[in-house]
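First chain A sits with chain B, and in the next complex the same chain sits with chain C.
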Partner chain A sequence: MEQVINELLETIMSNQLNVPVLQPILDSVSQLPMVGLIVSFILWKPVFALLICPGLSTVGILLLFFPWIERKLCARIQWRVGPREIVPWLGGLIQLIADTLRFLFQEVIVHRDAHRPYFLQFPFLSFLAALLPLLFLNAGNVMAIETPYAIQALLALVCLFPFFILGLGWASNSRFAFIGTVREAFMYFAYEVSFIIAVLAMIILFGTSNPMLMADKPWGIILNPIAAFTFFVGAAMATSRMPFEIPEADQEVAAGPHVEYSGIAFGLIYVMCYEKAYILAGLMTVLFLGGGSGPVIIAGLGELNGVMWFLIKTVIVLTTLFVLRTIYPRYRLDQGLNIGWGVMISLSLIALALSIVLVQGGVI
Partner chain B sequence: MEKDEINRNMHILKTGVLSPAKRWSSKWSLWPCHFVTSCCGVELAHAFACGFDGERLGTLNMGISRQANFIIVEGTITRKMARALRIVWEQMPDPKFVNVIGACGQRGGIFWNSYNITRPSEIVPVDFFIPGCPITPESLLRGVRAVQDKIDGKDETTIKFKKVALPSDGTGQESTVPTSPKRFAPTPLVKLDIPRDVDWAFGSTMVGNLKSQLGGLYKSITITDKNRIAIKTAPEDLVDVARKLSGNMGLDHVKSVNVIDVPHERKFILEYMVSSYSSSELMPVIISIFTEIGREAEPEFPSLTPLWESADYSEREMHDFFGIKYEGNSGMNAKFLLAPETQTPLRKDFKLAEESYVYDESVPLNPEIELTSDLKMPAPEELYDEAEASDEFMILVGPHHTGSGHLRWILRVKGDRIVDVTPDPGYVHRSMEKIAENRLYIQNIPLYERANISDPFCMNLGYVHVIEKALEIEVPERAKYIRTMLAELSRIGAFFYDSGIFALFTGHSTGFMYVWAIREMILEATVRMTGSRCTPSFIIPGGIRRDVSKDVLDMISNFVSAVNKRLKKFEDIFIYNPVFIARTKGVGVLTKQEAIKYGLVGPFLRASGVDYDIRKVEPYEAYDKFNWEVTTGDAGDCLGRYMGRYEEIKQSLSILKQAVDALKKMPRGDVISEAVLGDYKAASEDIKGHFYHAYGNLVLPKGEWTSVVESARGTLLHSIISDGDSNVPYRSRIVTPCWMNLRGIVEASKGERVADFWTIYGSFGYFPPEADR
Partner chain C sequence: MKKVTVQDQSTLEKAKCHAAAIGVAMKESIYPLTATVQYPRQRKKMPDNFRGYILFDPEKCINCWECAFICPANAIRMKEAPNKKYYPTVDYGKCIFCHFCIDSCSGGALRTTKIHDVAYKDMDDMVTLTEEMIEPPEIIREDKTLVEYQIDKKDLQIKKTREVDYLFVDEVPPSVEIPMVSQCIDGASCIGCHVCEQVCESGAISSAIANGVMRMKIDTDTCTGCGLCVKECSMQILKLVRK
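And then the complex of A and B:
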């Protein structure tokens, strides 16, 4: 028994996050009996990835503050101020906390026509499903489950999202939800193929699907910009961003699958779309923007450098994705499908060919 | 409304361990549900656009009732809308709050004795009332603040009323209550064909031509005014006359369908006003064909819709108002504009509550209103059955829908294609025509302005023109120029309004914000000139209220250059956006023939290639003195309609510039015609203080007076029938451009994809309060 525990401890201690700045504090803390163990457990890389970054805490903080960044930025573009009065000196930074709390305290209405069990289950299930891909996302060299097939696993989990949206719409049993759901299903097929091919192109190019190894290579966006573009447009389609906000078109189908949800159930769906965007932006960072590598390395931060650069890049991608809504109107469903099945597939195939040529030509 | 509803929401917030968190979060996260009920919606949009930015307070406009917790009831709740309000309120999760903005949401405001309005406070519990007609964005945001305070527990009476004794006039006599100055003739003489001597050479040729064409079918043909001809026929001949006119004479559309109830002679006068888009010399001529039928409970009369499609909706409207059954019109089984249980309100025996000018406790402030009984009826049953039988899907859009405006559309779709669109208007029908019959001529200026507060000056102008026409008033030169300037300003404002809504309908909120910022500048200019943002009532018979000062003129000429600069940005982000062009090009095409057939008006008609602009056809004010062009297109699609208007606005800006330049050179002076003022010559530069003396007893000569002006969205037709004796109109008919364009939206949508419906709807610049009146 003791041997097992010792082995476990050894595993934990051998794979600690290395942060020189924190080392003195950690040394002193590790003298304490229980606390030291907990701290080293948290700093154990897989657990750190799961709980801190890119895992739960980052998601939580991002969900609370990223919509604020988005709203403020859109407001600036639109000659407005955005949320402010809640704390004027911080520019309304905690606006989203108020919104979240309000959703939490509000009544959850289950209307008569809804399929009650599924109507209530799907928001929670979809929230969890949106978290799962985080297991295979790396921030620098911090990763929850390190496997050579991480990208494929991540992609497979990402492709699960739309099923939950279909479930939401189906359980709502409302006309607008129905139309929105059908639109989502159509769009799902339209972007999925080209999206996957674009990722495949990068896997072929890098010769590995372990994201940890990709960071050492040159940036994907420079090697294969076509794949990057396809991936980005695919991400916009997958997260229903403008100009592909077709399933959730507010003015047309009244937010589509979400139309009947209220209170915290809607709150969960609302944050799910940000989660989804976060994961895709993270994947974009890993595949195309060099993951955790960065121009400036602060010696004191040690392995946190990778985490920091990963976060910075991800937030930039996220912001670009969300600011699209201030620039573009919305395509029609058939136009969206045309783009997905026409332009996007062609582009992804070109990207694939480009990758093969680059690999064969020995560029990488 | 049940009693416990009133305090339920505050009770939820005040109980429980987490009550402070509940209160804090509710306070800063009041998301108003997008429920546009009436014209105050324009100001609501301003409050949440970049000028005032309601999002500062954490209030984010949300389209869907389930996710919102706040309703801002925007003005009038009609009997039809009452149902929607109640349903929307019930759909929202607790705790929820209601603010009512606008005077008509409280005690009816200017529509207080309308037969079609209800009081929101009887339908849902109201937290805060914001007065004003319309409210200003500042006061709306103050209302949001008040609800926040209420949530915080600071629930105080914000306005305290106190009684004051009016100062005596020093004579020691008790002041007497003025009696109602209205004068109704006991047995009014209603004649539509009073001849008038006018200098109109083409008129006599036209009459001769008509006589030879019609043979013995007419009773009389009269020239009632310049460009106006009235043909009286026997009831059985009317269809034949119409056939001849539409077939041989090229009179291709109906401008107005009217019915006049004459109870003391036991008759209805049925009238159709027709004109031509295809023949340029007939364009300014409006021919009114009328006949008299017996006044029964439900008289029947053959419909002219088979001949003139454009008469369709107006006939349905008359069916609602007078109970006349037009045989051959498909909409005669149900009400179109009114709630199903409403009686025929425009008949003379349907009386409205009489207004009293002094507050009297015994007179109720509001007439008794019975709530509608059909609070739950979603759509006509037979429509459901039909759709089900033919394997179609029915979508009900509105009146509470982010992309519906204040009316309901019943879309029947097969796959992604629209098979049929059934409009269900009347959600903002505030019964202007009936109210106008009970008010002095002068009181109707602000009333008719409320038809469209995004285009107020053109609305003013349309009504005032009728009075000036009837009384043959010549307006001073300076006033004419100022009126032209105002009308163009208003046209530009309306275009920006529509562009903003169009941008929203295509999902482009930045486009909305940019044009709304420009609109804010227009309103600023309007405020400087008139003192009011949206409802100035500035144009009065014989001129304008007061002169415009030089610094305002300077401001407007600066405005023109400022707009040009900002329009560039708007072009870049919205108009030339590839997605926008992809969405609108080739969508919702109406050919020239179709446009004429369905009687479209204004820029939407011109976009289909008909060169018809009343400003050129029958020039009024100073339009013939400026250098400008009519813009026509031939695409007839959404992009064409929009770009046509855009080009038109560039012309308008040029007119504006020319008008301002001309005005700067012109000496200041009379802006009100002396013919109207009579003894009050002192008021010729500013009417303030002399209004009722000069205008209170205005009486129009006997007969029917019709005037058309080109408002922002097209032909605005006003027609007043006067008995020559009363100082209120006997019958007042207003045909607004949006009402005529409604049919265009329906026809253009057929066969298009579902998402295209909103681009088509947006491209038509449909403003429901204007259509419903």
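And then the complex of A and C:
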């Protein structure tokens, strides 16, 4: 028993996050009996990745404040003001906290025609599914599960989202939800193939699918801009943001699969879209923007440099993704399918060919 | 049948359009032109002849009823005051803010303000009595900024100044007044009912018996051209003409 504990402690202590600035504080804290153990457990890289970044805390903070950033920025572009009335001197910064409170205290109405167990389960299950890909996302040197097949595993888990959205629509048992669900299914098949081929192009280009090793290579967006473009458009389609907001089209099918939901169940579905966008932006950062590598390295932060640069790049990608909604109107379903099966597939195949040429030509 | 077709554009032209759209978005995110007027805190500047809440000055009213006659929404009713004169009351539940009453007021007793935000508790409150129209309604001013839209030929410019707008119009915008005078066009049809004489505010109409026939006489100097006698004449033989 004692041997097992000792081995476990050794594993934890051997894989600590190295932050020179915090070292004096950590040394003094580690003298304390229980606190020291908890702190070193949190600073154990896999746990740090799960709990702090890119895991739970980052997701939570982003979900609380990113919709505010998006709404403010879109409002600026559209000559409006955006959320303001809650704490005006901060520009309505805690709007999302107020929204969350409202969602929490609102009744979750289950209508008569709904399939009750699935109707209540799917929002929570889908939230879970949206969290799972974080296991394979790395921020600099920090990663929950280190495996040479991380990108593939992440992609497989990302492809799990639409099933839960289909489930939501099916359990709702309403005509708008059905139409939205069918649209979601159509769009899912339209973007998924080209999206996967674009990622495949990058894996071939880098010769590895371990995201830790990709950070040392030159930026993917410079090597293969076509794949980057395809990935970006695919991400916009996958998160059903504005130019491809076909399943949730407010003016036509109310909110698509989410039409029957209210209260905290709707709140979970609402933030799930942001979570999905965060994961895809993170993947874009890892694949195309050099992951945790950055032009400025602050010596004191040690391994937190990678985390910092990962977050900065991810937020930039996210912002670009969300600002699209102020620039473009929504495509029709047939136009969306045409783009997915026509332009996107051609572009992804060109990207794949480009990657093979680059690898064969010995550029990388 | 006419068929609407998509404009044929080359890929380069399409890319140019996309770049232009993204450029506009980037420009606006850095230097936005916020068009929202945050109403209780900011107020939009209204022109001087804005058609708002109506104020009334009984000193200038000549009791001609013209406002009640002309009101297309039938919102103005004349109520008898203690001094036996009839003054207008406005029902804001019916008023369409056309301000025909103000335009037609010959004494200049009715005037406009820039107040457009009056609230009432119920429908009965909306009937504004004469004594309520003399003083402007009580307003809680929260606004600190004045927003002015300046529409250029090219673009919309929005000017924001830190000042509180003055909501009343002291000087009525000068209008070209056409002096009118009442005139009898068909003296032979007069039945001599004396209504015009009784109704005249300025005492310009007098009656005289000549050759055993009653004849009304209108003094062109004292006649104000209010048109009250024209309205009341039972034979409809009086007419307003230019002086």
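Please note the rule applied: the second predicted complex is superposed on the first by the 364 of 364 C-alpha atoms of A that agree within 3 Å, B and C clash if a C-alpha of one lies under 4 Å from a C-alpha of the other, contacts with A are read in each partner's own complex, and residues count from 1 in each chain.
What we mean here is this: a contact is a pair of C-beta atoms (placed from the backbone, for glycine too) under 8 Å apart; a residue touches a chain by one contact, two chains touch by 3 or more.
Source: prediction; values computed, not measured.
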{"item": "Chain C versus chain B on the shared chain A, clash or fit after superposition", "value": "clash"}
{"item": "Partner chain in contact with A:323 - chain B first, chain C second, else both or neither", "value": "second"}
{"item": "Partner chain(s) touched by A:80 [first = chain B, second = chain C, both, neither]", "value": "both"}
{"item": "Partner chain in contact with A:108 - chain B first, chain C second, else both or neither", "value": "first"}
{"item": "Chain A positions touched by chain B in one structure and by chain C in the second", "value": "77-81, 84, 326-328"}
{"item": "For the chain C and chain A complex, residues of the former touching the latter", "value": "21-22, 25, 28-29, 32-36, 38"}
{"item": "Sites on chain A touched by chain B in the complex", "value": "71, 74-75, 77-86, 92, 95, 97-102, 104-109, 175-176, 179, 242-243, 245-246, 249-252, 254-255, 258-263, 266, 325-335"}
{"item": "Residue numbers on chain B that touch chain A, as the complex places them", "value": "18, 21-22, 24-29, 49-50, 53, 55-58, 63-64, 66-67, 69, 91-95, 393-396, 401-403, 416, 503-511, 513-514, 517, 573-574, 577, 579-580, 582-583, 753-758"}
{"item": "In the complex, chain A residues that touch chain C", "value": "73, 76-81, 84, 323, 326-328"}
